[in-house]
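Across the two complexes that follow, subunit A remains constant while its partner is subunit B and subsequently subunit C.
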Partner chain A sequence: MARMSFILHRLLLLVPVAVGVTIIVFFMIHLIPGDPARTILGLHATPHAIAELHREWGLNRPLASQYWLFLDRLVHGDLGQSLYYQTPARELIFSRVPVTVWLIVYAAVLAIVISVPLAMLAASRKNGVRDQAVRAIPLVGLGMPQFLTGIVLIYLFALRLKLFPVGGYGSGLGGHLRSMFLPSLTVAIGLAPVIIRSLRASMLEVLGSDYVTTARSKGVHGSRLLIRHVLRNAVIPAVTVLGINIGFLVGTTLIVENVFAIPGIGQLMIQSIFARDFPVVQGVTLVFGVIVVLVNLLTDVAYTALDPRVRFGR
Partner chain B sequence: MAHRTRPFRALAAAAAGTVIAVVAAACSSGTASPASSGGGGKPVRGGNLIIARTADSQSMNNTTVFDNESIWVFEQIFQPLYTVTPNGKGVMPWLATSYTLSPNKLTYTFTLRKGVKFSTGKPMTSADVKFSLDQARAASKGWGYIDTAIKSVADPTPSTVVINLKYPWAPLLADLSLFSNAIVPANYGGQSEAQFYTHPVGTGPFKWDYWTKGQALKLVRNPYYWEPGKPYLNSVTWTYVADDNTRQLQVKGGQAQVDEFPAWSTVSTLKSTSGVAMDLFPSTRTDYLAFNELRKPFNDVHVRRAISLAINRKALVQAVLFGNGTPANSLFPPQVPYYQQATPGLQYNLAAAKKEMAASSVPHGFSTIMLIQSGNSDQLTIAQILQSELKPLGINLTIQQLDPNTATTDFQTLHYDMTLSYWTMDIPDPDELVTFSVDPNAGSKSFFTAYNNPTVVKEARQAEQTLTTSARATLYNHIQDQIASDAFMSFLYYSPYAYATASTVHGFVVTPLGNYHLENVWLGK
Partner chain C sequence: MTALTAAPIVDLARPRAGRWYRQPALVAGLALTGAILIMAIAAPLLTSYGPTTQDLTATLQGPSAHHLLGTDDLGRDTWTRLLYGARVDLRVAFLAVLIPFCLGTLLGCLAGYFGGWVDQVIMRLVDIVVAFPFYVLIIALVFVLGPGERSIYIAIAAVGWVSYARIIRGEILVAKRQEYVLAARSGGLPTRRIIGRHVLPNVITQAIVYALSVDMVQDILAIVTLGYLGLGIPPPAADWGSMIAAGQNFITTHWELSFIPGIAVVVTGLGLSLIGDGLADVLRPGQS
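Right after this comes the complex of A and B.
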C-alpha cells in the first residue's frame, strides 16, 4: 500500500515536469536562429516559398498562440506533424523510443554483468594485483571516446570475426539481441568503470563490518561470503550511480546510435534540432523528461527491494 | 584467504586468455589486393541491393521535395517523358518517343511510348501526363517555377500530349527530364495527394514496399516495367548510416553493397581494398566562395578579384578532396552543355592579386568574417587555408562557425561577408543555374550574393529563348567570361561523385547530375 502510494505520488510529479519541460523547450527552440522552411527548401528557399510553408505550418502565428495550440494538441495525445517528414511526430518518436530503451536496458545489464564480478574480484583482495588491475584497466573504456570504442568493436567482432552485424537494429527478438550487443557493449564499457569503483568501495566498507567478521568466524568464506552477506548490502550506492548514469544516457546515446546506424531517439533529436523540426524536438524532449523521471522512480523502488530497512515515505 | 581466491584467479585467467585469443584472431590480416571491378558478364536476375547512405529521405513528393536522398529514390518509381543522357549533357526519349515542334516554336507535340504501364498494371495514357504536368506546374512552393514557360498541356489522344508555351523556350526538353515532371496516375489513382505519396505509384522499374523513417526504405521490382528483362534486381533497400566508417565497414562486411560518398580521405585505401570497387563518377558539383555585395568592400570588383586570385585551388583540391577533383574555372562545370573550357576563371596568381588589391578601395587590407557550417570539416579546412592565403593581401579573416541551419539562414538572408556554397545540376541545361546565379529578381538574389550585371541578366534571358545551339553557345560563353571577370563568386573546384561498391555489383553508374538507373544494376557472385 505504501509502495503503491509512493509510486502514484511520483507518477503525478510527471505532470509539472512535463509542463516545465515543454515551456522551456518550446520557447528555446523557437527563439534560436534558424528556419525549418530553409531546411526543406535548401537553395530554392525563395521568400514566397518560405512564406507559404510558414502559413501551412502555422509558424506565422504569434508564439504564444503556437504554444497554446501545442498544449491543446498535447492533452489529446497529439504531438503535431513533423515539419521535415510531414508525418505525425508521435509516430516518429514512438517508433524510436523502443530502440533507445533497448540500448539503455541492454547496456545496463551488460554493465552489471561486467561490473559485479570485477568489483567482487577487486574487493576480495584490497590493493592486491587484481585489485589494481580491475581499477586501472576499465579506465581505458572510460577514457576512450565512444565512437572509437564502437568502431574497434565493429572491426574486431563484426568485420573480422563476423559474430555480429555491422550496425543496424535487426528484426525480431533474436535479431535485436544480436544487432544490439555491440552498441550496448560500447555503452557498458563506458559505464562499468564508475560502477566497479563505487561497488568495490562499498564492498570494502561492508567487509569491515561486524556482521561480516561474525560470518567469517562461523566459517563463511570466499564467494559465499561476498555474494550472500556482502553484495546485497554494498550494492545500494552502486544502484544510485547506475540510476544517475542511465538518466544521462537517455540524452547521450546519439554517438553510439550514429556509429551503429541505430534509429534511436538520440539521432532523431539531433536531426530535428538541426532541421528546426519544432514538433519533434518538443515531443522528444518531453519523452526524455518522462524517461528520466521513470528511471529515478525505478531506482528508488529498487532500493526497497534490495534493503528491507528502506521504507517508502520515510 | 588463499583458497577463496582460486575461483577468481581461474576466472580471470580464462577471461584474459579468451580475450587475447579473440583479438589475435581478429587482427590477423588477410591479403589485400586491388578489388576486381564489377564489370563484365551476363546480367543475373535476383538479389537485393543495399545502398548505405549518408542521410534519410524526406518525402516522396516529386513536385515539392528538394533533397537528393528523396530524389534518387523516387526516380526509381517515377519516370519523365525524357531522361538525361549518360554523359549528362542532353536528353533522350523515355516515356515519350518523339516530338514535333510547330513553326512558331510554341507548340510541342509528343508521342508517348507504347506499352507503358504503372506498377498497378494500369496503362499510362496522355491523361496521366497532362495531370502530372499540371500538378508539377502548380507546385508554387516546389518545382513549379521550372515550368514557368508552359502555358497549357493538352491530351488530344491517349498517346499524344501537346504542350503550348508562352514563348519559345530552349530548355523545355531538359525541364521535362526533371523528376518533378515525372508521370503519376491521373488524380493520384483516386487518392488524395498526401495519401498517394505515402505509397507512390509510377512507371519506373521499382515499386513501393516500405519506409521505416530513419532506418530503411525499400522498393521491389515492378512486374509491369516496360523495358524487357529489367530490372534485374528483386529489390533495392536504402539504409541510413550517418557514420562514414560504419558505411565502409558494412560494404566490406557484406551488409551493404554500396557506400554513398565515402570520406575523401579513404578513397585511395578503398581503391586497393579487396572485394571493393571505388568509383569517382564525373559530376556537375561545383564549390564556390560567395561574396555578399551588399557589404563593403565586397561590392568592389577589385577586392573580389584579388581574393579569387589569391586562392590556390590546387592546394584546396589536395587538402579537401585528397586530390580527387580539379580546380574550377567557370560557374559551369565541364559536364554541363555550353561549358567553355577557355573561360578565364581567375586562378592562383599572388602578384596579380596584390595588384588588384592595390587598385581597390581598401589597398591596405581589411578585416572580415567567413561564415561556415559547424561540424563540416571540409568547410573548416577551406576556411583555414583561405585565412592563411589572404594574409599577404592584408585581409584578416575570422572564421565564424554556426550550426548548419543558422548558417544557411544567414547566407540566404544575406547576413554574411563571405561564405561557402555549392551547386549540382538538376537539369542538363545551364538555364536553371544561370538564372539562379545572375538574376537578382529570380528569388535567389543571384545565388544570395546580390550580384547585378544587367548585361549578363539580359543575355541569360536571351539564351533561354534562343533555340539555335550556336547562338546559345555564344551567349553562354560570354556570360561565363563576364561573370568570371566580375568574380561575383570565386569558383573553387569541381568534385566527382564518390561511391564504393562491392565487387559483386555490376552496372551501377551515376550520371553527372547524380541520378542512377537501378534497372541496369545486377548482382553477381
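Right after this comes the complex of A and C.
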C-alpha cells in the first residue's frame, strides 16, 4: 500500500513538470525571429503556402488559444505534419524511438559493466596506485567530447582492426548487438567516470561499516567480501547516479547517433534541422523530454524495489 | 612538530591567498590554459597564413616546413586554423559562462532568501529545464533562433543558469540561518544590502568553483559539439568542432585532420579541469 501511494505521489509531482515541458516545446515556434511560417518555408514560399501554415498552426489566434490547440492535438497523438516527408511527424518519430531506446539501454548496461570492476579495484586499496589511476580517469574523460571518443573508436576498432562495422543499426539481434557496440561504448565511456566516482565513494563507506568489520572478523575477505557483502549495498547508489545522469545519457545518444549514422530520433532531429522540418524537430524535442521524465520515474520505482529500507515518506 | 604545522587549523588561520602556487594541479592547469590563451591571442604572429586562405595546389598535405601540421582538403593550413579556432572557441566559452552565472546566481538568491512562492516558481522552472537533456534543449534553441554566435550564448544561458540557481539556493538556505544575517536584519539593513553585501560574498565561492571546474569545460564541449554537428559558428570561420567534422571525411587516409583539433579540445578541457580542481582545494580547504 505504501509503495502504491509513493508511486501515486511521484506521478502527481510529474504533472507540473509535464505541463512545463509542453509549454517550452510549444514556445519554440515563437522564438523563431520574424514570421515563423515565412522563416520555416524559406524565401521562395508562396503567400498561399504561408497563409496555409498560419491557419494550420493557428498562428493568428491569441497565445493561450494557440497553446490549447497544441495541447488538444497532443493528447490526440497529433504532432503535426512533416514538411519534408509529408507524413505525420508522429509516425516518423515513433518508428525510430526503438532504435534510440536500444542505444540507451545497451549503453547503460555497458556503463555499469565498465564502472563496477574499476570502482571495486579503486576501493579495494584506498590511495593505492590503482586507486590513483582510476581517479585520474575523470580528469581526462570529462574533457573529451563524446563525438571525438566515437571517432577514435571508429578509427581503431572499425577501420584498423575491422572488428566492428563503421556505423548503422544492423539487422537481427546479433546484428544490433554488433553494430551498436561501438556507439554504446562511446556513450558508456562518457558516463563511466561519473558512476565510478560515486560508486568508489559509496564502496569505501560500506567498507568502513560495522557489518563489514563483523564479516572480516568471521574470516570473510578478498573478492568474496567485496562481491557478497560490499557490492550489493554499493550498487544502489550507482543506480541512483545513473538515474540522475539520465539526461546526460539520453543527450549523448543524440550526438552519438549522428557520429555512427544510427537511424534513431537523434539522427532524425539533426536531419530535420537541416531540412528545416520544424514539426519533426519540435516532436523529437518533446519525445526526448518525455523519455527523461519517464526514466526518472522508473529509477525512483526501481530504487524502492532495490532497497527495502527506503521510506515512502515525502 | 611537522604534524602540527600541517594541521588544517594552521591553514585556516592564515590568509588563503599566497598559497595557491603550492597546488600542483592549479599551477599545471594555469600553465596549460595560459599557454593556450597566449597562442590564441598571438595567432597572427605565430603563422603567416590566414585561417580561411585556400591553396588548391597544396591540398591534404602532410606536415612540412611550410605547413607545420599539414593542410586540409581545401589547402588551408591546419596549424593556422587550430590557432584561430582556439580564438573563437575560447572566446565563446568564456562569454557563455558569464551570462548563466549571473542569471543563475540572481535567481538562486531570490529563491533561497525569500523562500515561499518565489522559491516554488523558480525551482519548478529548474525542474522543467532539467527534464530536457542538455544537448537536446541547446540544439533545439540554436535551431529556432537561427545560426550564429548570439544564438549559442542565448541557448547556453537558457540551459546553464539552472545549476547556479541550485547551488546558490542551497548555500543561502544554510547561510540565512546564521547569526550575522540576523544581526544585519535586526540592524535594520535593507534586504538588497543584506543579500548583496553580507550573504552573497559568503556563498558565491561555490558558484565560482563550479563555473571554472565544470561549466567552462562543459561549454567548450558544447560549442565544439555544435560545430561538429554543423550548428556552431557558421563556416568558413575556423572552429575545432567543424575541423573535426570535416576531417572525418578523410579519416581512412588522413586521420590527423580530425585528431589534431581533437587533441586541442582534450588538452584545453584538461587545463580547465585542473584549474577548477586546484581552485576548489584553495577556496574550500578541508572539503572535497
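In the analysis below, the second predicted complex is superposed on the first by the 237 of 314 C-alpha atoms of A that agree within 3 Å, B and C clash if a C-alpha of one lies under 4 Å from a C-alpha of the other, contacts with A are read in each partner's own complex, and residues count from 1 in each chain.
Convention: contacts are C-beta pairs under 8 Å (C-beta built on N, C-alpha and C of every residue); 3 or more make two chains touch, one makes a residue touch a chain.
Quick caveat: nothing in here was measured; it's all calculated off a predicted structure.
Peer 1: Look at A:Gly42 in the shared chain and tell me whether it touches subunit B only, subunit C only, both, or neither; answer first, second, both or neither.
Peer 2: In the superposition, A:Gly42 touches subunit B alone.
Peer 1: First (subunit B), second (subunit C), both or neither: which does A:Val293 touch?
Peer 2: second
Peer 1: With the two complexes superposed on chain A, say which partner A:Pro193 touches: subunit B (first), subunit C (second), both, or neither.
Peer 2: Touch status of A:Pro193: no partner.
Peer 1: Could you look at A:Pro117 and tell me whether it touches subunit B, subunit C, both or neither (first, second, both, neither)?
Peer 2: first
Peer 1: Give the label of whichever partner, subunit B or subunit C, reaches more residues of subunit A.
Peer 2: B
Peer 1: Could you look at A:Ser95 and tell me whether it touches subunit B, subunit C, both or neither (first, second, both, neither)?
Peer 2: The answer is first: A:Ser95 touches subunit B but not subunit C.
Peer 1: So, does A:Leu159 touch the first partner subunit B, the second partner subunit C, both, or neither?
Peer 2: In the superposition, A:Leu159 touches subunit B and subunit C alike.
Peer 1: On the A-aligned overlay, A:Phe147 touches which partner chain: subunit B = first, subunit C = second, or both, or neither?
Peer 2: After superposing on A, A:Phe147 lies in contact with both subunit B and subunit C.
Peer 1: When the two structures are overlaid on chain A, which partner does A:Thr87 contact: first (subunit B), second (subunit C), both, or neither?
Peer 2: A:Thr87 sits against subunit B, while subunit C stays out of touch.
Peer 1: One more residue to check, A:Gly222. First (subunit B), second (subunit C), both or neither?
Peer 2: first
Peer 1: Please write out, lowest number first, the residues of subunit A touched by both subunit B and subunit C across the two complexes.
Peer 2: 32-33, 39, 147, 151, 154-155, 159, 258, 274
Peer 1: With touch defined as at the start, can you tell me which subunit C residues reach subunit A in the complex?
Peer 2: So the residues of subunit C touching subunit A come out as 124-125, 127-137, 139-141, 143-146, 217, 221, 224-225, 228-231, 241, 244, 248, 251-252, 255, 258-259, 262, 265-266, 268-270, 272-274, 277.
Peer 1: Under the definition above, what is the set of subunit A residues touching subunit B in their complex?
Peer 2: Touching subunit B: residues 32-36, 38-49, 52-53, 84-87, 92, 95-96, 117, 120-121, 124-125, 130, 147, 151, 154-162, 165-169, 221-223, 225, 258-261, 263, 267-268, 271, 274-276 of subunit A.
Peer 1: With touch defined as at the start, can you tell me which subunit A residues reach subunit C in the complex?
Peer 2: Touching subunit C: residues 16-17, 20-21, 23-24, 28-29, 31-33, 39, 139-140, 142-148, 151-152, 154-155, 159, 247-248, 250-252, 254-255, 258, 269-270, 273-274, 281-282, 284-285, 288-289, 292-293 of subunit A.
Peer 1: Tell me, which parts of subunit B touch subunit A in their complex?
Peer 2: My answer: residues 1, 3-5, 7-9, 11-12, 22-23, 25-27, 52, 56, 58-59, 65-67, 140-142, 194, 212-215, 239-243, 245-246, 249-250, 252-253, 255, 402-406, 408-410, 412, 421, 423, 436, 443-444.
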